[in-house]
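Read from first to last, the chains carry the letters A, B, C, D and E; within each, the first residue is number 1.
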Amino acid sequence: MSVSNMLENWKNFRHMHPVDDAPHAEYKWAMSIDLDACTGCNACTVACYAENNLPVVGKDKFNAGQQMHWMRIERYWDEDKRDFPDQGAQFLPMMCQHCEAAPCETVCPAGATNHTADGLNSQVYNRCIGSRYCSANCPFKVRYFNWYDYPTTDNVWPAEMTEQLNPDVTVRGKGVMEKCTFCVQRLERAKNNARTEGRLVKDGEVQTACQQACPTNAISFGNLVEPESKVAKQWAHQQVELAREGQAKDEQEGGSKLRGYRIFEELRAYPSVMYLERVRESAI
Amino acid sequence: MHRLLSLFILLAGIFANASVHAADAPPSITTADDLGPVIEQPIEFPHNRHAGLHNPADDADPSKPATGGMEINCMYCHTYARRSMVSGIPPLRKCIGCHQSLPSVRETPRIKKLFEYWDAQKAIPWKKVHDLPDFVRFNHERHIQRFVFAQGKPVQEACGYCHGDVKTMTVARRQKPLSMGWCVSCHEKDHPVDATGTKTSHGPNDCWQCHK
Amino acid sequence: MIENGINRRDFLKVMGWGGAAVALAGCGNTSVQDGKEIVTSYASLDLPEYAIPGISVYFNSTCAQCDAGCNIAGRVREGRVLKLEGNPASPINRGKTCGLGQAGVQAHYNPDRVRQPLLRTGGKTEELAWDKAFALINEKVGGAKGNEVAFLTGGLSGHAKVLFTNYMDALGSKSHYVYEAVAPSVVRAANKKAYGVEMPRLHIDKARVVVSFGADFLGAWVSPVHFSQQYAQFRKGSNGQRGVLVQIESKMTLTGANADRWLAVRPGTEGIVALGVIHALGEAGMSLPADVAALSKAYDAERVSKDTGVSAEQIKKLATLLKERTPSLVIAGSAAEGYAHGSQNAAAIALLNRVLGNIGKTIDAPATVPFPQVAVETGKRSALEALSGSMAGGAVKVLFTYAANPVYSAPAALKFKENLGKVPFKVAFAHFMDETAQEADLVLPLDSAMEEWGTVVPEYMPETAQLNIRQPLMERLHTETRGVGDIMLALLKQSRPNDYKDFDDFYAYLRNAILKNKAALGGAGTDDDTFWMETLSKGIAPMGTAMGKLAATPAASGLSLPAPAEADSAYPLRLIPYVTPNLRDGRHANQPWLQESPDPLTTIVWDTWVEMHPSTAAKLGVVEGDIVEVSSRSGTVQAQAYIFPGIHPDAISMPLGNGHTSMGRWANGVGVNTFALLDQVVDKDTGELALNETQVKVSKTGKRVIVVKDEGFAGGSQAGKKIAVRTSTDKVELTGEV
Amino acid sequence: MEKDIREDIAWAKINGDVLKSLETPRPLYWVILLVALAMFGVGLGCEIYQYNIGMGVANLNNPHVWGLYIATFIFWIGMSHSGTLLSAILHLMHADWRKPIYRFAEAMTTFSLMTAGLFVMVHLGRLWQFYYAVPYPNERWTWPNFQSPLLWDAMAIFTYLSSSVIFLYVGMIPDLAIARDNIHSGWRKKLYTLLALGWEGTDRQWRNFRVTYLTVACFLIPLAVSVHSIVASDFAMSQQPGWHVTSFPPYFVAGALYSGCAAIITLFIILRYVFKFEEYMTMPILRKVVRLTFAIAMVWTYLNLIEYASVWYSHDEAAKAVLIQKATGPYAPFWWMMNFCGSVVPLLMMVKRFQTNIPMMFAVSLLLNLGMWLERWMIVSPTFSHGYYPWTWDHFQWPSLVQWGMVFGSFGWFTLLFMVFCKVFPSVSMYEVKEMVYHRSLALKNNELAEKGAH
Amino acid sequence: MSQHHILALFNNFDEAEQAIAELRSSTIKGFNFDDLTMKSPIEHPEVEGVLGQRSANVQWFTLFGALTGGILGFSLIAGAQGNFFSQVKGGKPIIPLPPDFVLTYEMFILGGVYITVLGFLVCAGLPAKRSSLYSAKVSEDQIGLLVKVDQSAVGTIKAIFTKHQALEIQEEAGK
């Protein structure tokens, strides 16, 4: 820990991430969401409320745009001006994309949001001073700010309701930013158990709350470093790579027959969530 | 004039020194003697008597029966430490379990108090000695697994790193700062991974390890 | 899993209250407060080996949020249930849950629960001890004769049902009214006629095409979590053969929003579409049975198209698809059944299944329940009409209500509340002081589903018959609540003390009842304790493998579909009450997660809305947020308008579930009660209330509000960006996908 | 030709005139002071309310996480640049007309920076933890994130503020000595004696003074440029459409100088009237300031148009959408108003007759300030309302009264500081006015001599 | 040999300059030209010309300050990033150069300004006690010449001052 340390490790400190080789040693948590399976039923969002101690803000604050759902289901319509949306709606579960080169991380003045060794975009509530720069710089607007002190707000957590709070997750006070953590408390628990047994976390051993609830298994979550994990296989099959701002299918003439894509890849934030395109039958 | 001049030079010096110092090495945080407050417990539990070292020589000397400890493993009472985030306070039955067959000390004031609680079937309202801010999550299990089971450190040494030399205390008292910098100072060190000590690794430095 | 020597309740208790204080620890407390906090051991008792502070334990139980009977695993830590998750071993939900199920903990921890037996005399409400309450009931039922004691319950199954039956037996009453406000009761009757069973098993996963006539099986129909699981497999298919879903309905449901093709049909003409498809299949060269061919002859594409608004081309395409891809599955849902000719609609749809040869392939008989006394008794809307009638006639002296809130959900035309006033003594078993409990003379507080013992036999069992166990996940929050089984047992002890004297509580009764049939429940050869512990640990007891038979075939005889009704000039629009996945019939309105969870289609929260097609809105001059007055012949409400493309222009839709006047802090005053608009029009064959038959008119009030919804300024537009991308099957290669 | 400073004005009279402004205030002064205090009170009340309840009372939301606080923060930062322009840049250019007016401009720099600092504070969700953003060794072993433009901001503003205070103070030492020599009682004497540091005007002091003054001025110029380009980096370094613009730093600097100059005109006119400084703050000086302002206005207009043009011409569809949204959406009135005030109103300054028309210039300067404030708001809010992600677009967010109250209060705070400054410190630099008239009379004499010689 | 301090006040720079010129050219025993100090209300533009080259060393402080500020700034920031709980942020290196350059730049200026002002105080001998031979007129409009001379030369000096129309001459016996 010294100047000599700095000089000796200069190369490491100048290491670019994730563009350079081998950015993650043991784990790189990633997700893939099959929009063809997603029915927009909202089970995941409610599960997220239950797991992560999210406050229910009520109608007025919801109206003021101060809702606190870490995960939201967006519903889009076709824009071809037909009388009826006769191919249904398009649902999109949206949560923190845990970008590898997260725009939010660089701008936080207090260093409250960082990149973990597991490739998560961490948000440390007690370090947060509430400058909201991270949210300003988030292209997906998936960071949620505690505009009020919800723990002491009437009818958010009446005494009985506090019993339900997850003790593994901090209840956030006013003035801090929060967002989806990929259920880091579950990840840490799983890693802890695996370490005790001297192994790595197995695929499927840990589930995020949304994944666990999802009735159609639209959400897959796992370790991208481990090639045999479902997520890694899905990413590989769809030829979506973490550190790429475009996909093979975009570069091909006429596109390929793969469904995988990430939102706003061109912004080079390298999100950790891959979506699989929704499919509609062409014969009807 | 010279006084002011020297003041300025002093200030500049301090600034320069602080910068160099800060850039070079973090302020060292004391790891001992930083005693926490004395806490009055409902029963002055003698940690030294239970966990203190056992000296056979003292056994022979009937005049000083209280000096020898019993070398009880920390985890005999704080039984969850190897399995859970929290180490656990032993339930009253655990105390009674031994003490009901120890008539020799049955009439001492502390044991009498203990049995009063037992007779009333009430938990003893122990006061917390090692408090952490509410949003910090220290995982006992991880540390015990790592240092006691994987690396093979004596349990009292492993526990003692944070809790101090409990085996010499009666009522436990905080000895370490338990501040974040203090935690980090250890996490930045390389520790042997197993008993052979050939491979080392340092503690994780992700914020989410402790703050979730 | 519970060790001998420790009473389970005691264990839960010490874990609960002796445990570490759960503070609303925010980021506020940064100071270390040595010696200020108290840490206690977990009381004076030893804990069982598996209970470790800081480590969660899972107990399997059964979800009580709807009647699907999903098996859940409650995550319990330090004696508190924190979260509900699916039981992976469950054939129903396979480890999954819906949003409604997740919110179950909020029903349990709800601060507005009734906590004390309450007696209302005159205008006064007083708290009452349980023994006094039982004595009072005993006195009142003693003063009534046989059928003068009536029971109004929701769908009932399991051992609680047995005790209800026995109690009625003891009183000599046959007045059991089983009522569900939004159950598929017409379809059940039609199924019974068509297939010989009320609720056949549907193999969506095996079908290559599913045509659903308004069955919202992904949202709120029968067993949505199970169907969602099947749907996922159906979409994946095998070898890249992705299943095709066509939804035909007047108001887009969540299922409709997920369809490959959503067809807006004129309200009430679903059966005509079905016959039109049959006709088109015939034209496409499929051989039709003679009776069917005769019936469908009149339904040529042109006529059907004119009657229903579905284009001839679409019908032809659909027929082609159905012919090419087999097996398929056609489902009749709530949109089809909600008319005066609802049974006929359902029959026509069943006919389509027969033509396509789906019966026996994707439609299968359900398992037989070997113990009919615990099998589910499903509710009917007609029960309410019957009860209301007999109350009006003064034939009811004592009324017990359980798991039903008819004062809220009865159509206004029934004048249910008025008739209820004629009953001298009303006992409500209640979780909340809801509208019905508000009218009761005696309110008995119930345990939540996380506190009570019980068994559930779901109506829809995807595999063999199963007995779902419901067990306490934690100690009672409020000491004075009782499980419904305990209450019924106590009442039975008053009437038949000798039969029930051996059972201290419902737990003992249940244990005994199950152990008595150990062999039939898969426990032959194990000792009682082991079997009991294993059953509790699994949360499911198999009830044999016997499967039923489809005893009938859909027939064309007697099937007649009326021509689409002319628009009523005074009430030109059709009201389609929308059963939302979140609120259903309104019993969950006081669970804030559900109120704040946006409706999937409109993304509206915390309110009721009036959904109308843009063209309808344009005709009325209504824009989003206008407060409109919706009047039917039976009632009038005012609500905000939401312009929604997924609805037929002849209809408007309003969600059910809100507009409570008495329920709790999160429900009261939120939105309006759509039930209050319903006309009392019934299905001609079954007498069931036809939910979609209400005609309404809509007028502007001149007020306008901002619709509170998650959808932003851009609406459902992606502004040309690549966000939620959709492709078509000819552009992707699904084979080989992981 | 209007009357300029008389070359033969007695130096003693200069002392007297300026020191008179430090004397017992007129009632009008107290009225202004009280009004300013009341305004500040409103802002303070709003902050206390917001501090206690949470940022939600400002009616900010997701995506509008920033609002008037940041806009007004940039406005005040921009305001501060005028002082540096007058005291440092024009000093290096030997523009002697700056001398009577630079002192208050420099004070303005300091106070507007102090006001801007307040906005950083009230903007924070957890004001009580603001020190987490301060780099100092601590027991947590943590440091702020040096990658954040917000931290650069903090460092730059700290440097700028402290340098400005030092520059203001150092430049005032000779004047403080004058005040010390002329005021013989009360706390003022003690204050001036202390602050004058025993200045005697010896040649050694003057010699070092000159070098120091010049050196600090040299430092201040790049510093000022860096401060506002770093503020621009808050936006330009981000990824958001409408912010991620390479021309932002020069655009911001031009805007800063612009709003600063406009504010100088405003304060010039006020001080001239209130302290009867007609002899020093003369019409030719006003004319020069106005011309300078006009020039900067045109620079700003150019950069503004460049920004629009480059957005329009590029393929950045999102940024283009934001621009269209600004011009046609709910913010359109403000956006057009900003362009009007910023680019059209200054055209009045071209007319020579108007350049010294005090009421007209007063009105124009206020409009320019309004335009510049709107500019900042139009940078901050439209991007939030129409960012990358359509689902979260929100065009209808409107700042609550709490936000407006604090913006309002900030003007009170600034006025308060400025009013106190004017009564405690000489707001016209006496020694430099003396230098100015000395040099001008020398020049005059030389001219006369030259003319004589020529004859 | 007792030293005397003499302060003469002049009406304008021309007269003071002439007095200085005469003092400089004359060789008076017991008077060293370096002991002459001019006090003026403004910076005298031609002070170098009349007083000769007298040094100003502030710029060395500036150089030192700016360099120190810059170097310390960079090492502090890079050290903090590299040594303390180094965290990856936004896919950037742990020690990213552009931000560090910005901050180094600011620290460069900060150090420069601070040390320059410090240098000014040192070089100008401030803060100081006012000498007893000080006239408030100097801060108003008169030029003062302060000399330190042997008692023997007092007369001569005074004569020179008077000759150049000194308005007032103050004298004080030195210590």
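Here is the rule we go by: a residue touches a chain if its C-beta (ideal position, glycine included) is under 8 Å from a C-beta of that chain, and two chains touch if they have at least 3 such contacts.
These numbers come from a predicted model, not from an experiment.
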| item | value |
| --- | --- |
| Chain C and chain B - chains in contact with each | A, D |
| Labels of chains that are neighbours to chain D and to chain E | A, B |
| Chain pair with the greatest number of C-beta contact pairs | A-C |
| Identifier of the chain whose CA centre is least distant from the whole-structure CA centre | A |
| Centroid comparison with chain C (C-alpha atoms), farthest chain | E |
| Whole-Å separation of chain centres (CA-atom averages), chain A against chain E | 62 |
| Distance from the mean Cα position of chain D to that of chain A, given in whole angstrom | 43 |
| Centroid spacing, where centroids are CA-atom means, of chain A and chain B in whole angstrom | 37 |
| Chain B and chain E, separation of their C-alpha mean positions in angstrom | 61 |
| Two or more partner chains touched - positions in chain B | 22-26, 133-135, 184, 188, 206-207 |
| Chain A: positions in contact with at least two other chains | 1-3, 67, 72, 74, 103, 106-108, 111, 114, 125-128, 149, 170, 176, 264 |
| Per-residue multi-chain contacts in chain C, two or more chains | 20, 25-27, 30, 711, 717-718, 721, 723 |
| Each pair of chains that touches, named by its two labels | A-B, A-C, A-D, A-E, B-C, B-D, B-E, C-D, D-E |
| Chain A residues within the chain B interface of the complex | 1-3, 114, 116-118, 120, 122, 124-127, 168-170, 181, 184-185, 188, 192, 195-196, 198 |
| Residues of chain D touching chain C in the complex | 126, 317, 321, 385, 388-396 |
| Footprint of chain A on chain B - complex, ascending | 23-26, 133-135, 137, 139, 141-142, 145-146, 150, 188, 204, 206-209, 211-212 |
| Residue ranges of chain E in contact with chain D within the complex | 37-45, 47, 51, 54, 56, 58-59, 62, 76-77, 80-81, 84-85, 89-90, 92, 96, 99-100, 102-103, 105-107, 109-110, 112-114, 116-117, 119-121, 123-131, 134, 136, 138-141, 144, 146 |
| Interfacial residue positions of chain E with respect to chain B in the complex | 68, 72, 75-76, 78-80, 83-87, 114-115, 118, 121-122, 125-128 |
